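One chain, chain A, links the two complexes that follow: it is found with chain B in the first and with chain C in the second.
== the complex of A and B ==
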């Protein structure tokens, strides 16, 4: 039975269930990220528990994001209640591996028994819990979990966290019948990944979706802890829905137009070199120790046969590293923020990468040398050096 | 509780409803009016009218049903004091580390966020505005319009600057209400980005009429006095605490007597001593200053031959005696002195000393 169906089946003022600690803790941990910790709206720090059939559905929401999950339980009395989320999680963690009995008492008190431990917590009226959007029945798309996981890992870090650039506070996901693309940028660098050659069920035409950063982070941890092969994705005017196994993540949609990123993708970056990602990463980390602390600027010099990386600051001194490369073009010097380069190198995880430049005033492009199934490119604006 | 329940200022209310009807409602509105004039009530009513699921028309203008799930949930925010107290209590129960980073919000509907001033400073803080910025660009879920209501105009400097950013380009589905007793308390840059709508003070007779309906339990004499003391604000009149007011007025009278007669100051010091530092004393001194102004105004009315305008009718004879000693120049200088005390309060000067300095200063000038 899907989680929403449990929700509609209950509505009484009693509830009594028995659940294994392991199962309950797993779901509690998965939903902790959505529970608002620093809120003065009391209901948001509560879980909604709804028991029906042989399932317990758990819901947490911070109003922008909500996560609904379920686990197998023995239901003695169907019903629902709300329980303070953080306390419950902290408490269940400390219980021995045994069955836990949760029972709703009067005045929203909830009793939690496990072996010889006995606890009572006070929840709130269920009616206070925000109503949640329901998963649409039409227009559901399926995306392989592995693809989405990898795409989020390779773009998520480039999302802007500046509050003033709200259209950049999310990643753009473009779904086409035969490809999926994800783009994120903060205005200084842009991460773009495309996966073609897979067929997506239920996608017709091009569909663009702005996925908020918070939802991206939550999706990432949900994808990391699932063994589901496919996730279901759907959206309506106000909400995005991701179903990952037995968990359903919903996020409100952000407004605004994602910038026209195609215009900034470099076209004639002809000066190209190939280096080993790990080697480059280590060299950058070393010289970056001596970069100006605010700008984190490192300089790259392409010379015949070698790539020189250098940085200097008035207080700390200067540092240089040289990497041997196969390059016969003209000399080029260009500056970049070291952190931006390292972010990309970390996301690609070593291996051969290609650096492509035009001149010292134009954006540089980095990408893994072997395209494999993904077309991954990373564009970084240069710094004046 | 449709718009017809909003007492007074019907021209202002209708103008706002006309803007709603024409879909021309400004994205940022500064609602001004004295304490208890109905700014918050009106803002919530407008939020309901924007989001009512079964909108109705009354008198050819948009209204709300008050029964649909949106109206009901928004209405749960109506008792602002209770909601704020609940939020403060929720914060008190948190872990120490979280407490510091937690800001007050009242939200009974997912798309309507009420931002009350954050204690103990009782000001709107930058983290509260940040929360607005973080959430305002999400599309409304259960409603059509996202509504944000700042219930106080006391912004921390950073918070005010931060607010400017959203005011510059709010999403088309959001409306921000800024409630202020005086629009001048807000940055000019905030004012220029918003529409200022003022709720005027009602004539005492209208307030009395309202009280006759709402506070039938009061004696007619009390109603008549309160309607004069409440400065034309029905909300203030309805919840008027006559005992607290009389106590503050007794203090105010002592201070004024000291200031006029330059006699023995021991009475004065006994009074001013009770105005302690700290956040708890803020309300007390604010009430006192308000009362002092109202007494000065009464003195002025008596001296200028318009005793029918006097607010504190119950102590008119005492006021007349004081008025004999108070010249026009003295009253203006005292008003200036009071303004100086108010400014000092914002800079956290010692309350008792400021009041002493005011009284003694005016006495010497006399």
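== the complex of A and C ==
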């Protein structure tokens, strides 16, 4: 028998570890999002567990997106196994706060013991688990975790969820030595954020990357729960790598051309007003209760000194809210999908915002009135009303 | 109308009179018979039969190409006569109509004499023969008119509907075709009257909703299918489609794509003509061995643009076509009509607007110089003669878009 075969035979027939419930559950929870729910490939519903030294490494993948994380364990026998991910998570949640012993049995069964609880789960052969790309050794860039987190929160919602236009199913990230930009659009609205004045080590020239929606969502939740100050980012021809603390997220790259967004950024939106974001959000939420359920259309009327918001539907009735504004320009009536406006207001998190319009057919622009370190703008196409 | 297409052709070429005539194309062409004269029918030729089969059955028949505009013109004339008899006229196809005569007794007298006058008036104003069936429902009227052919009138007295239908073959019920006939035969049902032996629940269990409709139809009711609306109610088109059968099967990608482009253009043109926007685009593909598949895709926003239809059709085609397999027929079908999106699009509105303008200009050219006067480049290789079919757009009396 060749050496590799012995190694793999040993690797698949032994593994025994002891881990604290708290440690294990934290990593299981962090990786659940990646586990494919409706897969036709059974192994993708499983975790790959690999124990060596004093560490357990857990891997979940749906082939497009993979997440590898680790936690400290006592390793009695090194080795590896696969375990159904959802079931394990659901089960471990219910265990008492104590040490859990996980041991590989015959036929890929896995024993899980904790106190007086004793369970055997049906695993699968480890050799079925797809092999994953490894983090590149060169070309690694560092991005401040909070910067990336904030940019994702302010653009991610505008990514298209329909799959008809493939390249819109992700956000465009543009890295330059001293700035980072992120853009997302679904064709109806576009969210654009730029942060200058931060040095990005390892970036030369301009580097454009399309980050798929699922990777954006996953990154956001990883960034929410990390205390790491910086993350590491790298890419090769087919894969994006994000290392956040002890967790490594890899994603297949979206290929293709992101639309030429610069061409649609409004240039002569001269009718401008300033309102308080919270006040506007509340007014929109109120009138939107009476908007047509499918189109969600609300109407904005800019009048002298007043912004009138209204909505109506034949089934529900009609509703109007008025906000005082400093506006002396021409009268303008323009319709928008209420949800699109609320998405932006939620992302900006209150504060003074500026609304800039050209006419009732052209895209409107919204942005925070005070541009702190970020240059954030949101462009929405109107609805015909 | 009796042998409508043939009769119209006879008006243009009286030498055809009394001969076996087949309308729809030439004897050695692919495609199907649109209509056959009564003389040709004696040899077993009927509509929807392949032209080549017709030529075998009736070798001495005269084969004539269809002339859609002629039939529409005459259909329009017939419609004109009909509307002088009742305001509620429903053109069921180019040569078939229902009239709701309820409440016209004082104007036209008893139903039978009104029918005679109508019969006479159509003959004198169009020189065409027709057959009239009268009954308390559209179903009975339709079956009666079929039994009245040629050039007859048949009145089914109210209350006698079931007795009239009972001895008829189940195939005489509109909507019963070869397949249903076979499954009915398996249950021992051959005549319409046999259906009354089974209760509605049994038929529903065997045939679903259609079983219930069938039970109703066997009693002479307007059940199921197209008999839902009032006569004359405008139900509007539910789908628009065009298909093309090749004279010779082909696996040439360029040719297939050209045809798809041309069909997409034809569908787009009709969508614009009728002011409709379609959300579902469907491809029909028939191989040499007659296996047929249909594959549909739902667009994110409804469209009436040739280019957007073609883009979907092309991708459906390449996803589903067995590479290199010989294709016999292609079809493009648009459905799920909706109002155009009121939500503007940042990235596509400009392009869409330009296409809309270009295609509307192309439509004007076609109106003036004919359908094949202008085409998108891909569609140029796909021009073909349009076949005549019985349910064209713009049936007389159908509401035209504003």
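Keep this in mind: the second predicted complex is superposed on the first by the 372 of 385 C-alpha atoms of A that agree within 3 Å, B and C clash if a C-alpha of one lies under 4 Å from a C-alpha of the other, contacts with A are read in each partner's own complex, and residues count from 1 in each chain.
Operating definition for what follows: contacts are C-beta pairs under 8 Å (C-beta built on N, C-alpha and C of every residue); 3 or more make two chains touch, one makes a residue touch a chain.
Everything numeric here is computed off the predicted structure, so don't read it as measured data.
Engineer: Overlay done on chain A, so just call it for chain B and chain C: clash or fit.
Structural biologist: Chain B/chain C on chain A - steric clash.
Engineer: Touch test for A:259: chain B only (first), chain C only (second), both, or neither?
Structural biologist: After superposition on chain A, A:259 lies in contact with chain C alone.
Engineer: Given the touch rule stated above, what does A:159 touch, chain B (first), chain C (second), both, or neither?
Structural biologist: It touches nothing on chain B or chain C.
Engineer: Should A:297 be classified as contacting the first partner (chain B), the second (chain C), both, or neither?
Structural biologist: A:297 sits against chain C, while chain B stays out of touch.
Engineer: So, does A:307 touch the first partner chain B, the second partner chain C, both, or neither?
Structural biologist: Touch status of A:307: no partner.
Engineer: Name the contact category of A:133: first (chain B only), second (chain C only), both, or neither.
Structural biologist: After superposing on A, A:133 lies in contact with chain B but is clear of chain C.
Engineer: For A:337, select first, second, both or neither according to whether it touches chain B, chain C, the two together, or no partner.
Structural biologist: second
Engineer: In the overlaid three-chain picture, which partner chain does A:88 touch, first (chain B) or second (chain C), both, or neither?
Structural biologist: So A:88 meets neither chain B nor chain C here.
Engineer: Let me check the overlay on chain A: which residues of chain A are in contact with chain B and also with chain C?
Structural biologist: Residues 164 of chain A touch both chain B and chain C.
Engineer: Chain B touches which residues of chain A in the complex?
Structural biologist: Per the stated touch rule, the residues are 37-42, 45, 63-64, 130-131, 133, 163-164, 166-167, 169, 212, 237-239, 252-256.
Engineer: Considering the complex alone, what residue numbers of chain B touch chain A?
Structural biologist: 69, 86-88, 90-91, 94, 98, 101-107, 110, 130, 133-135, 137-142, 165, 171-173
Engineer: State the interface residues of chain C toward chain A in the complex, per the touch definition above.
Structural biologist: Result: residues 299-300, 342-349 of chain C touch chain A.
Engineer: What residues on chain A touch chain C, complex-wise?
Structural biologist: That would be residues 162, 164, 185, 187-190, 259, 264, 295, 297, 335, 337, 361, 363, 379, 381-385 of chain A.
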